[in-house]
Amino acid sequence: MNQLPTNHAFPTHNAIGELIRHLFPGGAVYINGFLTIASLLLLVSILPVFLIWLERKVAAHFQARLGPMRVGYHGLLQSTADGLKLIFKEVLKPEGADTFVFFLAPTLPATATFLVMTILPFDRHLQVADPAGGVVYALGVSSLSILGILLAGWASNNKYSLLGAMRSGAQMISFEISLALIMLLIVMLTGTASLREIVLSQNGTILDWWIFKLPFLGLIAFVMYMISSTAELNRAPFDISEAESELTGGFATEYSGISFAMFFFAEFVNMFVSAGLATTFFLGGFLAPQIGIGAIDAAFNFIPGFIWFFLKTFLVIFLYMWFRWTFPRVRVDQLMYLEWKMLLPANLVLLMSSGFFLAMGWIL
Amino acid sequence: MKSSFTQSNHQCKVGNYLQKIIMGFTSLLKGMGVTIRYFVSPAKIVTQQYPENRETLRMMARFRGRLIMLHDENDKHNCTACGICEKACPNATISVLPTKDLAGRKVLGRYIYRLSQCTLCNLCVEACPFGAISMGQEFEFAVYDRERLTLILNKTQGH
Amino acid sequence: MGVGGASRLTEKVAEILDKYPGGIKLIDSIEYLVTWARANSLWPLVYGTACCAMEMMATGSSRHDWARFGVEVARATPRQADLIILAGTIVEKMGGNLITLYKQMPAPKYVIAMGSCAISGGPFYYDAYSVIKGGDRLIPVDVYVPGCPPRPEALLYGIMELQKKIKEEGRRKPWKIGKLLKVPFIDPHTLAKEDWAMLEQKKESRQQQAREQFKTDNPDYRPPKPTRLPKEKFAVVPRMQLSTTGRENEHLFSIIQNSWPAISLFRQPDIRPETVAELGPEYILDLEVEQEHYLDLVRFLKEDKELGMDMLLQLTAVDWHDHFDIIVHLLSSKNGYKIFLRSPVTKAKPEIVTISTLFLGAEWHEREVYDLFGIRFDGHPDMRRLFLNDDFPGHPLCKDFEDPERVVKRPY
Amino acid sequence: MNLQPVNNHRPDRNYIPPGFKNAINDDETSEEYFLNMGPQHPSTHGVLRLVVKLNGENVLEVVPHLGYVHRSVEKVAENQTYLQNIHLTDRLDYLSSHINNLGYCLAIEQALDIGVPERGEYIRVMVSELQRIQSHLLWWGVSGMDLGAVTTFLYGFKEREIITDIFEELCGARLTMNFFRPGGSFADVPNTFIPRVRDVIKRMHLALDEYKILLTDNIIFRERTRAIGILSREKALSYGCSGAVLRASGVSYDVRRNDPYSIYDRFDFEVPTGTVGGCFDRYQLKMEEMAQSVRILEQAVETFPNGPYRSREMPAYKLPRGIYYSQVETARGLLGTYIVAEGGPKPYRVKFRSPCFSNLSALNEMAAGHKIADLVTILATLDFVVPEIDR
């Protein structure tokens, strides 16, 4: 059993961690590890329930209607009802489908998002693991969910799901490139690949956040990150893989009951994760926004860091939802044109110009 | 108002690359502006919460919910079992079953109305010379079995 | 819990738990939780055939908003839907697909029959050869929502009734696939009359002496005069003269006459271009031609510069008991006038040449005429039935079409 | 008539579905296959089944299968009296039910020489134009949803409910009206009719600008509909298309202008035509039609006369022996009502010339060579109603 990372690399130096080290010096590492994983699992199970409810209410208010109202106060229990119902539904396997792959596919997107969740810096000391190559790790692991969708499409023995899977395969692989280039830009600017250092490099006033630090390149990089992460999530204008009106159910056409629920929940956790990465890179993660006026800065500093992290993340999630309920869907070839002919060159130009800005020292 | 559309679709292809991107982004932002205006102003919500507003919910005067036979206070109706409404109905939804009263005169026995077949087209109410039937305002008739949709409209026999 | 509710396993578990003090309450609370979840998260299938689908969409729109009930995520695939709302007429050709959809849905699944067509065939109950009289002959229906189409509030009331029904499920009343209606298509109208007639006979004999007794004690009984509703009287209004149509008839007819001298109008044997005008301004030229010249006349009407009849309105047929009439309606999009053209076809050899070479749109019209009348069009690229299944017995729009299994004759 | 579940799965590769000329070429390089967009599909607006021959994502050939909601309307119409058929025409194209009733009543009035008083004519024009706006609002919402913008569906329905309220107050029904009778309508307009119509005019101006920003100018929508599904002028006429589909291909034919019925010739309104004949032209024409209908309503509301709303009611409508034909412009095109009468209370033969039937027959012309997503766009801008196709 290889040695667990030493205390230094394990940044949970908070009260509970100290107490357990004090009480059980021998097994503290294992207990701490178990506690962090358990708390992350709790977060991953509560998050989609809340996000689904939020998506339906936000969509309703965009469309001048009320959304879920009768199931609990303002529909708060609506997504629990959906989840519970899906658990007790009959799970059907279409004849001619490959059983093992059919039931393996829904687990992959869930595991992919959970793995990326582990490196998200919720607070100064609230992070499961902070590997030195955090950004590279995030990129590598998030491609696992593409595998899940491709397997689902192929295993369902259904032309619509195969079409949906092929589309999503092409889409996510091509947008992986522009995502990688933007992360490369951030790593180049901050000098480190560890997410915690990236956040700490944005210390100082609001203008030190990467979105404003580069004169206007930061804003362009943020917009490009939003476009490619929306495409990565198969959401909004780029939801061609489970296109409701063309491919009936897209890659998840043949999934029912709990296997469909896994896809449905993984999609929302994935949205939280990519919004978390956006806050980490551009909006100063768990740092409180300092405006320069003493009193407000003090008040903001008083609020703990992870509250700021969640606030910024939900702001980015609101942006995703805003895209989804406003724009029509893009066609497959237009999507590829957008990536290869517009985003890729723009990314390269952005990289060169920010390198030039870095060399000239024009960073604010 | 230009009558024919001169701006054919092929010209905007020629627009240069940058100008098209900027024009594209402004159109997207303006579209987002429309939806955010709905989001931030709850006054624009038009939902009428049906089960909650049941008391204040009033149907329009001419709303055609189902056929009813008008009865006055002591359950008298003025249907004379003439059968004109039965002939006027396109789907044979109404069965007027006459009977003889003590004086031997034809009066209404039973007025069967199959709501399961009725298309609420109002032809029977127009045809009735005595104004005995009219369209009611209720609409809550969901039932679990089909037989309960065959209704008998007259409470008492013809007088 | 098991999918179907009370499977054998849950029976044994229930017995074991019943012995412990809180056992019953535990099982009942689990059942309540599960049925509460099922009732409050009904995902309807995107399925709507006819007019009721518009009211179903209105129920989903902002004003009525069935998302308040948790019925929002309308899924397009049957795999993720657990409620079918039969919105619209169910036709024989669609019957097989509907059963497939129902079988593809995971249990527990529910069905709402919305509108008169889905409950009993509604306006298409009598004389319709292709409509299935009611959805519960194909798939088990839980809630019937009458109306044509029912208001969105009525559908919401139906959904609430379904929620009540779901909440009663449990191991005492487990969810099961319901029963179908196996009654052949009968005519309820005449049945009601016959039953009533028998009742009357019995009543007649019983009331005999009561009538004499009534007649003796008030001989001069005058029955009360029923008061007629005052009907509003309206004046006769002369018909307004339309400005453009009709004037060109002589001009048109003279053009056709000089290149087709043998042409005559339908039911007007001795007509000349001059006397066409008094057939009235709204009369549309109705040329009659034998089968041989049928294609050439249509080509002439289309290619002639002056006439320019470049649009085919429709091609249909009329069954005159002894022979068919193929009817072609042409319209000139430039100057707006119409010309009708008919050519008789004998019932012995119901065949005529196709005009789909001149008008591409005629292909479907001719397939429809073949489907409903049985007239073949030789030279047609794809002579198949258009609307009905290939194994449909006979051609329904012929006057002598009889099919007691499918058609219920109108009683009056 | 025993009905079994349908199984469209055909394992052997050289099976040719009905309506196709040749099978798929099955060598390694080609990715050709048949896809069944079955009767239950979100973008087929009801129960239309399309069998599509695809090469990867590109559509090679489309064969529509009809009859999944063939309700034998013409056989039923032959066995009902003339007055009872009016409520049947509602259910043909239920999105323009007033205009269908009007077409049928015009044919009866032509036969029995019945006139309509001034106020009745105004009611007919205003109610028909309201019905056209209501139908276009639903079309706009659903075509936005087919292209992925779900919010347009909700906005379209939000405005549509206002006009539905007017109809509910007018004749008591929300969708299947059965309001017109030969000689006028069965009841007079309530006195809240004119204020409500003025309210609709005001709201429609705001709504049309909002729709222009939300969808018409949207770059994604323009890219999705530009130069897609082009129908040439000759093909449109040869297939007998009508309405916005025909006008988009450059033929200026609108029944209200070229063959006017009722009092349409008193109102001035534009009949725009497109140049390219693609999806975006059809879309813009329909949006323009809504603006023109609002213009007609504005003129009609100013000069709305008083007086009787219908002419004398005949005890029984028995059409004399003969052929009667009338044409109206519904929201989807030219609806012709062809009645063969033999003198009895019931018609001998009734045939409805359905605009969507001919518009859809040109689907293969437009869809060949595009992608599946474009096929959905073409279906959306074609705006057909399946029960009117199958009758």
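First chain written, first letter: the chains are A, B, C and D, and each begins at residue 1.
One rule holds for everything that comes next: contacts are C-beta pairs under 8 Å (C-beta built on N, C-alpha and C of every residue); 3 or more make two chains touch, one makes a residue touch a chain.
These numbers come from a predicted model, not from an experiment.
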Central chain (by mean CA position): D
Chain centre separation in whole Å, for chain C relative to chain A (CA means): 50
Intercentroid distance (Cα basis), chain D paired with chain C, Å: 17
Rounded Å distance between chain B and chain C, as computed from the means of their C-alpha atoms: 18
Centroid distance [mean C-alpha coordinates] between chain D and chain A, Å: 45
Where chain D touches two or more other chains at once, by residue number: 41-42, 80, 87-88, 90, 151, 154, 158, 161, 176, 214-215, 218, 220
Sequence positions of chain B contacting 2 or more other chains: 28, 31, 34-35, 45-47, 49, 51, 90, 119-121
Shared interface positions of chain C, touching two or more other chains: 61-63, 65, 68, 76, 123, 126, 148, 151, 231, 410
Category of the chain touch graph - line, ring, star, complete, other: complete
Complex contact set, residues of chain D against chain C: 1, 3-7, 18-19, 38-42, 46-47, 66-76, 78-80, 87-88, 90-91, 94-95, 109-110, 113-117, 121, 138, 153-154, 157-158, 160-161, 164, 174-176, 183-184, 235, 237-242, 246, 251, 253, 258-261, 263, 265, 308, 310-313, 323, 325, 327, 334, 336, 338, 340, 348-349, 351, 353, 357-358, 361-362, 386-387, 390
In the complex with chain B, residue positions of chain D that touch it: 80, 83-85, 87-88, 90, 151, 158, 161, 165, 168-173, 176, 178, 186-187, 190, 210, 213-215, 217-220, 222, 226-227, 270, 272-276, 278, 280-281, 284
Touch list for chain B against partner chain A, complex: 21, 28, 31-32, 34-36, 38-39, 42, 44-47, 49, 51
Of chain C, residues touching chain D in the complex: 45-51, 53-55, 57-58, 61-63, 76, 78, 88-89, 91-97, 99-101, 103, 123-124, 126-131, 138, 148-149, 151, 231, 233-240, 242-245, 266, 282, 284, 286, 310-314, 316, 318-319, 327, 329, 333, 336, 338, 340, 359-361, 363-364, 372, 382, 384-389, 396-397, 405-406, 410
Residue ranges of chain C touching chain A (in the complex, touch as defined): 1, 3, 33-34, 36-38, 40-41, 61-63, 65, 67-70, 72-73, 75-77, 79-80, 82, 104, 106-108
